[in-house]
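By letter and in written order, the chains are A, B, C and D; residue numbering begins at 1 in each of them.
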Amino acid sequence: MNQPKVKVGVLGATGAVGQRFVQMLQGHPWFEITALCASERSAGKAYADACTWTIRGDMPEHLRNVILRPCEPNIDAQLVFSALPADSATEIEMAFAQAGYGVCSNARSYRYDADVPLLIPEVNPEHIQLIDVQRRKRGWEGFIVTNPNCSTTHLVSALHPLHVRFGVRKVFVVTMQAISGAGYPGLSAMDLLDNVVPHIGGEEEKMEKKEPHKLLGFFNGAEIDYADMVISAHCNRVPVRHGHLEAISVEFAETPDEAEILAAWRDYYPLPQQLQLPHAPQPAILYNEAPDRPQPRMDRLAGSVPGMATVIGRLRPDPLFDYKFIALGHNTIRGAAGGSLLNAELLLTQGYLGREAAALAQTLQVA
Amino acid sequence: MNQPKVKVGVLGATGAVGQRFVQMLQGHPWFEITALCASERSAGKAYADACTWTIRGDMPEHLRNVILRPCEPNIDAQLVFSALPADSATEIEMAFAQAGYGVCSNARSYRYDADVPLLIPEVNPEHIQLIDVQRRKRGWEGFIVTNPNCSTTHLVSALHPLHVRFGVRKVFVVTMQAISGAGYPGLSAMDLLDNVVPHIGGEEEKMEKKEPHKLLGFFNGAEIDYADMVISAHCNRVPVRHGHLEAISVEFAETPDEAEILAAWRDYYPLPQQLQLPHAPQPAILYNEAPDRPQPRMDRLAGSVPGMATVIGRLRPDPLFDYKFIALGHNTIRGAAGGSLLNAELLLTQGYLGREAAALAQTLQVA
Amino acid sequence: MNQPKVKVGVLGATGAVGQRFVQMLQGHPWFEITALCASERSAGKAYADACTWTIRGDMPEHLRNVILRPCEPNIDAQLVFSALPADSATEIEMAFAQAGYGVCSNARSYRYDADVPLLIPEVNPEHIQLIDVQRRKRGWEGFIVTNPNCSTTHLVSALHPLHVRFGVRKVFVVTMQAISGAGYPGLSAMDLLDNVVPHIGGEEEKMEKKEPHKLLGFFNGAEIDYADMVISAHCNRVPVRHGHLEAISVEFAETPDEAEILAAWRDYYPLPQQLQLPHAPQPAILYNEAPDRPQPRMDRLAGSVPGMATVIGRLRPDPLFDYKFIALGHNTIRGAAGGSLLNAELLLTQGYLGREAAALAQTLQVA
Amino acid sequence: MNQPKVKVGVLGATGAVGQRFVQMLQGHPWFEITALCASERSAGKAYADACTWTIRGDMPEHLRNVILRPCEPNIDAQLVFSALPADSATEIEMAFAQAGYGVCSNARSYRYDADVPLLIPEVNPEHIQLIDVQRRKRGWEGFIVTNPNCSTTHLVSALHPLHVRFGVRKVFVVTMQAISGAGYPGLSAMDLLDNVVPHIGGEEEKMEKKEPHKLLGFFNGAEIDYADMVISAHCNRVPVRHGHLEAISVEFAETPDEAEILAAWRDYYPLPQQLQLPHAPQPAILYNEAPDRPQPRMDRLAGSVPGMATVIGRLRPDPLFDYKFIALGHNTIRGAAGGSLLNAELLLTQGYLGREAAALAQTLQVA
């Protein structure tokens, strides 16, 4: 007997991240798209007419003629995925949360608010309890949950299993980030052909001060106690389509040996994997033994759910810190739409979308 | 009145670095090519027939029909530039030095020998005195002088003015290196399109342990006292034709403020610039104020002698070290052939190519 | 009840095309790999040790430790797929055919022999009857069947539905071919970054004189009467990983209107599609209506079997010929390994691999 | 004795073509920039503040602080170079011509007007006499002269020497055009990495119907009799920074042999070369004998004036036409700003900028 799926909307459905939401929600066992929302300029048009589809494959056939709606909280859905730019997200997401919708947002607008979960389900699932704080404080019926910046996501994913065992104290990271991270049209072809741009506005600040400390922080029942570590980040844009590569050096509170680090990654089996969430990669972290991997083109889709795993390689001692290694992750899948979607899957299993929805999670186990 | 120029040969003239030597020696005020030497496979052929010219512009017309000679020390020249691969350089360069030739080598074979200068004329010109140690110890009439690896060159060039004033203690560097650094054919197009390769064999070792400490070391009259600093390096290959970009963080013995660092670079006026060597860029270091520079395509040829300057930008505080910044330099010009050539220009002015040759240096001043 | 699959070997399993054979044969309903053969240099090693895997995804786990065999006709298989280079293919493929193996070859060695089928199953399936001529003439127990060059494949695939209806008389084609067509390592990264190379050795000759006329020719019971048409080709290499793009202009014996051409493509339903061969894309030809498609990155994997369809777009009148349009196809899938594999699927259904094997084809229909 | 130079303005000085004008006018022997004009948004700002410099090298130091003026015909100049987009060029260029300025325009607005010269100085210098027709008809004191589209320029440059000797009747051309042809920011990096876009809006029409026939036409004293030839063009965008590559096939009225074609190119010595105009490359056409040249990266700057020559290679018979070959030219130099500049140099020598200005041309001969 088929239970009805949870109805969801996509805010900002025509952009690069919006398209990923649409693509990843196709055939989802728990969610079904009932509304595609866009800016006023696009609202009223058919999706196929308003949207330049830029990801491989074609726009899902049955959505081509769906009429885009404005981003207003009067759609037939329980949950919305927000791919809005930060400037419009602030107001719109609040309107939806006030009106009782759950909002899984990829925007940065609310990430740093004390009562808004900044969530990677493998890393800090217990932070979703901030939703209760948020509702109490703001008087909303709905809620907002956010996922981190694409570069932060894979850095923290790689560090988390090490942090819980050995205590990460210092992190040095240099990113080589893909062009899709800048959206579409994003960067000019003139700037990226035969070139590297050693600057991404605001990115270093997010990595150094704002996101990892919250993600790795401790929820004390009322708020997050930020993790105590120092991070230095250089961010660069390279001529790669998808996949952020990060050269990382780490110093620990208690220095492990290499085998212990490899074991920490290998044995990592956090909640989303235990719950077998549909978009939880099994395993969450892949370690590639080759001397020159991971590489963006070869590894960005590695693992059981393409684009959702973090791939690590080249663990070796560091003359200044304890160890250095390379991490890679897909920026528009796990680093954006896929991150939000996994958040929604976690919320569903934890009852934040209602009892009926939570029952859907059982269907997976049976199958 | 025209003085005769110093006759020079190029060893390994058909390869990527050999071509750069040939290109840069065109119209040189002090040196003229009298012999092009190549492997046995190519020796006996016309240069144009044996060599696939891969750098922009055409092979100099008057060299097209020059017959390539084997790499044997019986050529009519006083000095040879070596673009040989390390495996054949060891024996051949020694043969030339024994036979009385000066050898300016780009190979790594002798770089780490205690009595062989590893030279950047701006950084450690006094190390050429090791030639006397070398001759005494080895009984050679000629000598070997080497230049460092392409990544090391620009790292040390950027650090040198700071080291002499503030004492560099710790350096963290992540390189994004151009494909021309791997020679021709070098890397497969399949490996670099839409990709980054986070590994370059042997490169991190050279930067961490072997070269910077010698370059920044002190010549005590008999040998080099290596500089006391700790360096950590991650090396990556990116889809850029020419120009190695380096994200650098530094800790000093005495922490300067930003203005003092900028002044150290701005006021840098080392020996080659004072001597107005033909290939000494004026100034040696360029600081670009733009928030997203230097960039390889835009800046690799910046300055008064294209490809010879080091370009720096984005100086800012580092949460883990004192400061971080970006440095860029051309890898096959200053980082290879141009480095050797500047070494030769320094040697000439310092009398290591004889009194008559040294007199040539005067001609420049007049002009 | 499971019937045993047909045992197949891969000749040249370590190269770029060999890897595609291995990848595409994974989970094949009719074929199973029982032998991986390679050059003497690699024979005796484990597959994972001898092969640099260059296509996305990982080498199939269960083949990593398979020991490579020499390319000698003593393997336990009925059919071999040959990814050998032409120079070694000539002798080895003959040895296998003599020894009774069926050989589906991607090499050019036998393509132009009068008694060897040059086959695209959609275009000239009746040419497989040449196998009988071949066996009679050569006294072989086995046979050799070939597939065309990657550029020819998609040109002829696009032309075939038009040729049968309107008679193609003149064809002008300019190719923009992907780098993977040159194998691995193939082209130097130095040659393709920020560049186009307007020359591919032997390619224009294959397209102008050798392949299309045979493919579109008529089997008269004894030999092929070559099609009567004139073709002019310019071939270029562009910085694209996979997917050959072709700008094509055509003149017909009887000039159709645009709607008739579109209908010819739309209604195209040749034998492999009717037979529902496992690797036959449904439909064989896709027409993309967008004004700027097909594009390699967006469309090379389009259709029901990724990489097997030919994608066409931009049909419009031509001032010199009748019409012009753009065609795109994947060069290492349909243009190489996938072409051979589809040939093998056709051979199986037509009884050339024996009655028992032919029965396997029924299983598909049921499923 | 120094004669004063001709004062010139640049309209649209902040864009990609405007920057080229500025770069190429540096140190010009006859012209000096006295005004930089831009859109209202930029007017009033310093040039360095309003302009993102995207071409290699830096903005000329002495222009950094020049205040941009609006595009109004009240500047202190005799001649203006227009890098305006077509939509604003129509009105602005007319205003300048009415007000007495000479206008050398790169825009398409007036190219097809019967009384406006569409000019390549090597090809149709006699067309400048249309200026007299133009002035008579329109009552302007100034005038407008245009240069063709970047793809047309090099096609016609390659054909002209052949047309005058053998009569070009049919031309088939497929272009592979560089991204800089789309301006800055122009194309998205997402669209060009690992891709080719087989469509450039309006480009095929310009090449097939509008420009070559006028350029190769005959000025009968009152108007241009268009050349009688049929052209078919497919236009594509490839991931190359600068340099349009064109695969060309030609049919002649009288078929020459290969030697005659090569001689026609070799012996080509048109007016700008005879007059030794400062930006006339010597020779105008370069033929590269290598089997795989010209290539954009290697040859786009070939010749005596970088970016101004047309480079040709791979002449060979064509099965459908008489001959085929490859042509290459720089799109933003000869194909845009350099084309306008050479037009201006021709106008000066022919007296269209006044007697005093014409005298400047003598200085060159002496030097």
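The working rule: contacts are C-beta pairs under 8 Å (C-beta built on N, C-alpha and C of every residue); 3 or more make two chains touch, one makes a residue touch a chain.
As the structure is a computational prediction, the values presented were derived from the model and not from experiment.
**Q** Weigh B-D against A-B on C-beta contact pairs and write down the one with more.
**A** A-B
**Q** If you average the Cα atoms per chain, which one ends up farthest from chain D?
**A** Farthest chain from chain D, going by C-alpha centroids: A.
**Q** Where the centres are mean C-alpha positions, what is the separation of chain B from chain C, in Å?
**A** Centres of chain B and chain C (C-alpha means) sit 49 Å apart.
**Q** Give, as an integer number of Å, the spacing between the C-alpha centres of chain D and chain B.
**A** 40
**Q** Find the geometric centre of each of chain A and chain B from their Cα atoms only, then give the gap between the two centres in Å, rounded to an integer.
**A** That gives a centre separation of 44 Å.
**Q** Residues touching two or more other chains, restricted to chain A: which are they?
**A** In chain A, 193-194, 239-241, 297-298 touch at least two other chains.
**Q** Okay, in this complex, where on chain B does chain D touch?
**A** Touch residues, chain B against chain D: 56-58, 193-194, 241, 297-298, 301-302.
**Q** State the interface residues of chain A toward chain D in the complex, per the touch definition above.
**A** Checking each residue of chain A against chain D gives 54, 179-180, 184-194, 239-241.
**Q** Which of the residues in chain A come into contact with chain B in the complex?
**A** 170, 172, 174, 176, 193-199, 208, 230-232, 234, 236, 238-241, 245, 247, 249, 291-298, 313-314, 318-321, 324, 326
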